[in-house]
Amino acid sequence: MSEPILEVRGVSKHFGGIYANQDISLDVPKGAIIGLIGPNGSGKSTLFGSITGYHPIDAGSIRYEGREIKHLRTAEIARLGLIRTFQQTHVYDEMDCVRNMLISRPLRGGDLRSLLHHPSAEDRERAEDLLEFVGLASKRHLLAGSLSFGQQKLLEFAMALMNEPDLLLLDEPTAGINPTLINGLIDRLRQANERFGVTLFVIEHNMRVMMNLAQEIHVLAGGRLIASGEPRDIQNDPRVIEAYLGGS
Amino acid sequence: MAQARTSQWIASLAFLAIAIAAPFVLPNNMSQLVDLMVFILIALSWDMLGGQMGYNSFGNILFFGIGMYLVASTQVWMGGYSLAEYNSAKGGNLESFVVTAPVYVTSLIIGLAAAAVLNYFVGLFVGSQLLQTRGHYFAVGTLGLGVAAGEFAGTMDVLGGGSGMNFLQPPEGVNLTMLLYWLGLGTVMLFIAFLIWLHRTRFGFVMNAIRDNEDKAEAMGLPTNKVKSVSWAVAAVFTAIAGGLYGAGKNFIDPTEVAFSLPTIGVWMLLMPLMGGKGTLWGPILGAVLFQLFKEFFWTYLFGWQRVALGLLIVIIVVFFPDGVMGGINALRERLFGKAKSAGESGEAA
Amino acid sequence: MDNILANLQLLTSLAPTINIELIANGLLVGAIFALITYGMALVWGVMDIINVAQGAFVILGGYVSFYFVNAMFQIAPDTPRLLWIILSMPVAAVAVALFAHIVFKLVIERILDRDLFVALLATFGIELVMQQGMNQFFSAEERIIDAQLPTFAFMDYMVNIPGSRLLGASLGIVAAIFIVGLVRYSRFGRAIRATAQNVRAARIMGIDTNRVYAMTFALNGAICGIAGSIVAFVYVIHPFQGLVYTLRAFAIVILAGIGNVVGVIFAALGLGVYENYSGFILGPEFQDGMVFIIVPITLLVRAWIMRRKRQYLK
Amino acid sequence: MTTEEKNPEKRAETGAEKKRRISGYHQGDVSTVLSVDAVAKEAQELASKRPDRAALWKLAGDEPQLTIEGLVAGYGRMEILHGVDLAIGKGQSLCLIGPNGAGKSTVLHSIYGFTRIWKGSISMDGRDVTREKPNRKLAESGIAYILQDNSVFPDMTVRENLLMGGYLLDSPREAAEKADAVLEKYSRLAARANQPARVLSGGERRLLEISRALVMDPEVLLVDEPSIGLEPRFIDMVFDILTDLQHRDGKTIIMVEQNARKGLEFADLGYVLVAGEVAIADRGDALLENPDVGRLFLGG
Amino acid sequence: AQTITLGAAVSQSGKYSTNGMHTINGYNLAIELINARGGVKVGDTTYKLAIKYYDDESTPARGAELAERLIKQDGIKFLLGPYSSGLTKAIAPVTEKYGVPMVEANGASRSLFTNGYKYLFAVLSTSEQYLSSAVSLAAEMAKKEGRDPSSVRIAAAFENDPFSQDVRAGVLDDAKSFGMKVVIDDSLPKNLSDMTPTMTKVKALKPDLFVVSGHSKGAATATRQMAEQNVYVPMVAMTHCDSADIVGKFGKAAEGILCAAQWAPSLTYQDDLFGTAADFAKKFKEKYGYAPPYQAAESAAAVEVFTKAFERAGSLDQAKVRDALAATDMQTFYGNIKFDKNGKNIAKPMVLYQVQNGELVVVAPTKWAQAKVVFPRKRN
């Protein structure tokens, strides 16, 4: 595969007595769609947190586009084009959907002066487009806090795309989404990947999604990386079946 | 969108027109009008943090007090006197310290400017530190700072210590209340224009984003720390100017009861936005006007029970008008005319 | 500066026994703060309401106690003073608890689910009403209950422990232990803890959270009533004196960390001692300033530590 | 152990799935890509054939325990449900499915008393409970609610959390017995019995929340998206618990589930909710076979 | 009849409210007596007197606002003073600006009279005189014991507010002139509730004279804590003992404390309105049910001074009244009143009480002394 956009090397992270990540190393190649699966509590979200600077890591290194980012803060990392979504929905409750989208326009430099402009017509158009796509066009002027759980999830996804990330970490994007719409989401993810070259790194419990989307899957269990490989291999890997997909 | 913008400007012009007419209509209420300008300034600046960003600060009184002392001191210093000498008869010895009218006016304006500049940096610094805490911790942390500031000011002999400090007496030919009123009104208009502009920029959006979900804002790469400190610093600038105007109007500074008076001004500045509707532009202004009216009414007609009345008023407002008067008006308008503007557009207009 | 040096010298070489007295009195004062703060922390933790009127409740308790004791002296002049003083505590506790319950029904109940800012303002409003109301009803005169207790002197009168403070602190501790036990071991206590940790979940378990709130607020009223009686015979009560206690209680909750009940006791005792020392060394005029500046400073230190873990103090 | 094996009588038709030991989320392709609007339009058409009340009552065995009639409800000024009918018999289970934002959670909210109700009525055992307050629901009507998100007590241990489920029981001993029975059954929870609930992972937490219902001992259980965020094995475990509750303890269960296949497999009755109205109602297994439902709501 | 309305913003709530109440009672009693006698004759017309009050809540900013409101909105042409120096300081610039004569009775701070205010008149002795007689008394006692006055060591605790800080300045000046040493010089916080650190220091340093000033609360707190902490100083002097009623509150613990006062009922002054000082005390007690603290007496005197000035000016013109006020030279039940060019009364000395057997007894100056000073205080 191509150059890695993200290199995770020997990352460990513990909370009190719980070792959530232990010595994890993996690569995310540029332009790929990579999956991350594992039982509940195996440390998947924690790994996302470690990568995006949510908490300092105990050991290891994280390189993004060849550059060490473990010392950077979340916002700085995000400004490099590495964006994540959350398992529990995170939207701006008291603002309507359009504003939620407009705020999500990328801000690369982090310079305050770049904030002193009004959103352009282009931004608005793009925001409307994305809302249309996730089926929230008719809700565009509702406050995000009053959307249903699934709708918030969709909005959050649209916001992430609005940010035009280079690498997008999605934490269970389809949890709570209607199965038919999930198909659409997968389609759109593929488009984003193919057309705009967004690299995707996705956590999912829904194997239907994983099998149809991911080119390569990493499996965590008990905070350790226990297997990596193509979806088909993973599905038949005895260790993965034992730890996750279902024991004898 | 464009329509919302015009209505903002129309409202501003209407406000300006009323404010210009006010001294002629109410010549006997000049000092109340000066106070009103001060209140509008502190309400709007408090709202930048409390309403727009969701950080409830009790510490803005810090800038108010610093501004006040700074203006008074600048005047003494520009009058060519030593501050320590001036305050050596504690409270300020006015008879032997006189200035001419031009010196008085210029020193007042320069003092206000100095207060603005200095407090910008104080706000930036304090903000960069204290704004790292959130919620209750932030509220009580700033409260501690506000109270401590007053107590320490009372120990500084060069500022007159616990005996306080007088402003210089305005010389003959200076109509102080008029001067303060026009200065206050000018600052208010400047602030309003600034806020109208600011809330349309992405900076304004980010302020709201911080209020709604700071974690998310960070994850999306927004420079939350910078935005928070700078907003507070801007709020500090206008609060400090307000402090200077208020002090000059009252003429006498007492460290804990005039300059850093938490139980009065310090609480009023958050009460007013709440009364009017926080997180909006016109809410705090409306709140300041209403508050001033209520306060004066209570103090005149409910003698001896005025605080009881004020307390009850506060309780009634927070219990029954959670979104302030603006919220009530919007609800009424929606009921009468349907949802004329969507929540989003009027949110943006805020 | 010379002043400070001289005071330090007094502490370290000239009269080191002073240290004992400063510490002892600081602890005794701290115990009273602890009681008041415990009630505030309870309401804060369970209902997420910062009760600005806490000090006014305390003062109200003081007045109830004052009038009760005075009336009893009149009715039965020959009975021992101490008896009535101690009896006045349950009386004040019940009276203020009732008052708190009325406040709850009229105001607090309606603002429970709103943000902290609303609760702050509402309780501030209540405080204003109470202050001036007490001013009108009880007049502005400073009131005290003279307990006429002896002072215990040690070390040739260099260390003195006033009996009233000792009594106040011990009663405060007894009350605090009782309340801690109540919260920890009773069914009501379980409901309180459940509500504090997750309201919605508590409701779904069938807990009548509104009642829990009401009881918590009334319990806080009772605590304030007791504290008020103590304040009346250890210090002075005055309609406008409440703020002193409210602000200190804020400081103590923050120093201890929200939700840290054991911490409240240590923070309160520590603050009592710290206050006495800063008053002694820097001069009393710095005392209040030093008490309040410690709040942002502690927060900054803690925020700084948290920031290294990339977390925030919430 | 899997659902199928436990309830052989219920599962004959899903032969293709039977080979997987763990069903969790179902497999399948993702070729049916419909836009949200397309789904909405087609669903609207389905809704025009909405079932009448008699049909619903019949599904519930004509002797419903809990009924909703003509419910118009929402939040603030916003009307979300426009006349929803629902009936469920004692010991039955019902699964609500439908697009995001259709109002599924709102139905559960309304039963529990969290919404604003303009019209219609909700009754339980013939008693009108439309205006009963949420905190009286469990005590008086025996309705328990498992929320869509977090409802553990973070600083209590797992065991204490279970005990809290028995808060309304008369004796603490009874609660303790029930809690211990739960712990005995679920070793994953037993292993953590004395740890504070806040250290549980999302899945373990969900398990705790649902198994707590065993201690609470309600008549009717409302469950919002029991399987959200769970690993496949846990999903099965959760449905095991629900099966236990329904078939062993005779509880009535109303559930909302986006993992619709799994939900419909479990439930006796299935309702499809579209834009605040019941569009289709049928037996759960019949809905699974319904091609429209499959295409529009089960992802083809 | 026509009415002259005087204006006053006085603390009815806040920390000065006790003394504010005494002030208002004093004003009201005077008005009542004057009106009962027919009123004030100005030129050819006789006027009744009335007072419009506001509550300044013990905050200076509010005081200034209210003064302005009295003048501008209510059209009040003559003001009576508020309670406390701080409030007076805030109000004086306003009355000065509008040329409104103000006779005040409760702002004693010396710094009020260094500003060249032309419309401010104070009937009371300024604050630096409050405790200076205590300092000279200490010197006297030292001499009697055969010590040099300069050997006297003073402990001072003064509230950090304009009034008390001025009292402190007076004490420091006097101490300096005797060459005494001030071993403790503490400023008490305004929200005073506890004086433990100061008491501890006093105990360690064993001064010969302990002076305290902090309005009523300061007096009460100091008295109680001195007793509780076993603080023994041979001579203790404070202000506001009478308004704080330390005798009633603490009984024995107050024994031997010296109290500075502007006035005492046993003084021999008299006038035609109230009669003697004792008459005033009697009338006051009849009306309000408690013995008048000096704050009430001086407030009544202020109204009296105003009336006399109206009569002498023969006009209600503000400038003329001001000039009449400036020319005041009279005796009242409260003492002689004559203003210097800065408006402060220079004709009346302070008196010093001592608590003896549960009574406040005048011990200085010798002219009015009812008893000899007890020195040193008894240990209890």
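Letters A, B, C, D and E mark the chains as written, and numbering starts fresh at 1 in each.
To be clear about the criterion, a residue touches a chain if its C-beta (ideal position, glycine included) is under 8 Å from a C-beta of that chain, and two chains touch if they have at least 3 such contacts.
All figures in this text were calculated on a predicted structure; none of them were measured in a lab.
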| item | value |
| --- | --- |
| Given chain A and chain D, the chains that contact each of them | C |
| Result of counting contacting C-beta pairs for A-C and A-B, higher pair | A-B |
| From chain D, the most remote chain by mean C-alpha position | E |
| Intercentroid distance (Cα basis), chain E paired with chain B, Å | 37 |
| Rounded Å distance, chain B centre to chain C centre (Cα mean) | 32 |
| Chain centre separation in whole Å, for chain E relative to chain A (CA means) | 75 |
| Shared interface positions of chain A, touching two or more other chains | 73-74 |
| Where chain E touches two or more other chains, by residue | 12-13, 58, 160, 187, 189 |
| Sites on chain B at which at least two other chains make contact | 151, 154-155, 162, 304, 306-307 |
| Listing of all chain pairs that touch each other, if any do | A-B, A-C, A-D, B-C, B-E, C-D, C-E |
| Chain D-touching residues of chain C, taken from the complex the two chains share | 190-191, 193-194, 197-198, 200-210 |
| Interface residues, chain A side, partner chain B - complex | 52, 73-79, 83-84, 86, 90-99, 102-108, 110, 112, 114-119, 140-145, 159, 163 |
| Chain E-facing residues of chain C, complex | 3, 7, 10, 14-15, 18, 21-22, 25-26, 29, 131-132, 135, 139-142, 144, 146, 151, 153, 157-158, 160, 162, 164-165, 235-236, 238-241, 243-244, 276-277, 279-280, 283-285, 287-288 |
| Contacting residues of chain A [partner chain C, same complex] | 53-56, 73-74 |
| Residues of chain E that touch chain C when the two form their complex | 12-15, 17-18, 20-21, 58, 157, 160, 185-189, 191-198, 200-201, 203-205, 216-217, 220-221, 224, 227-230, 244-245, 249-251 |
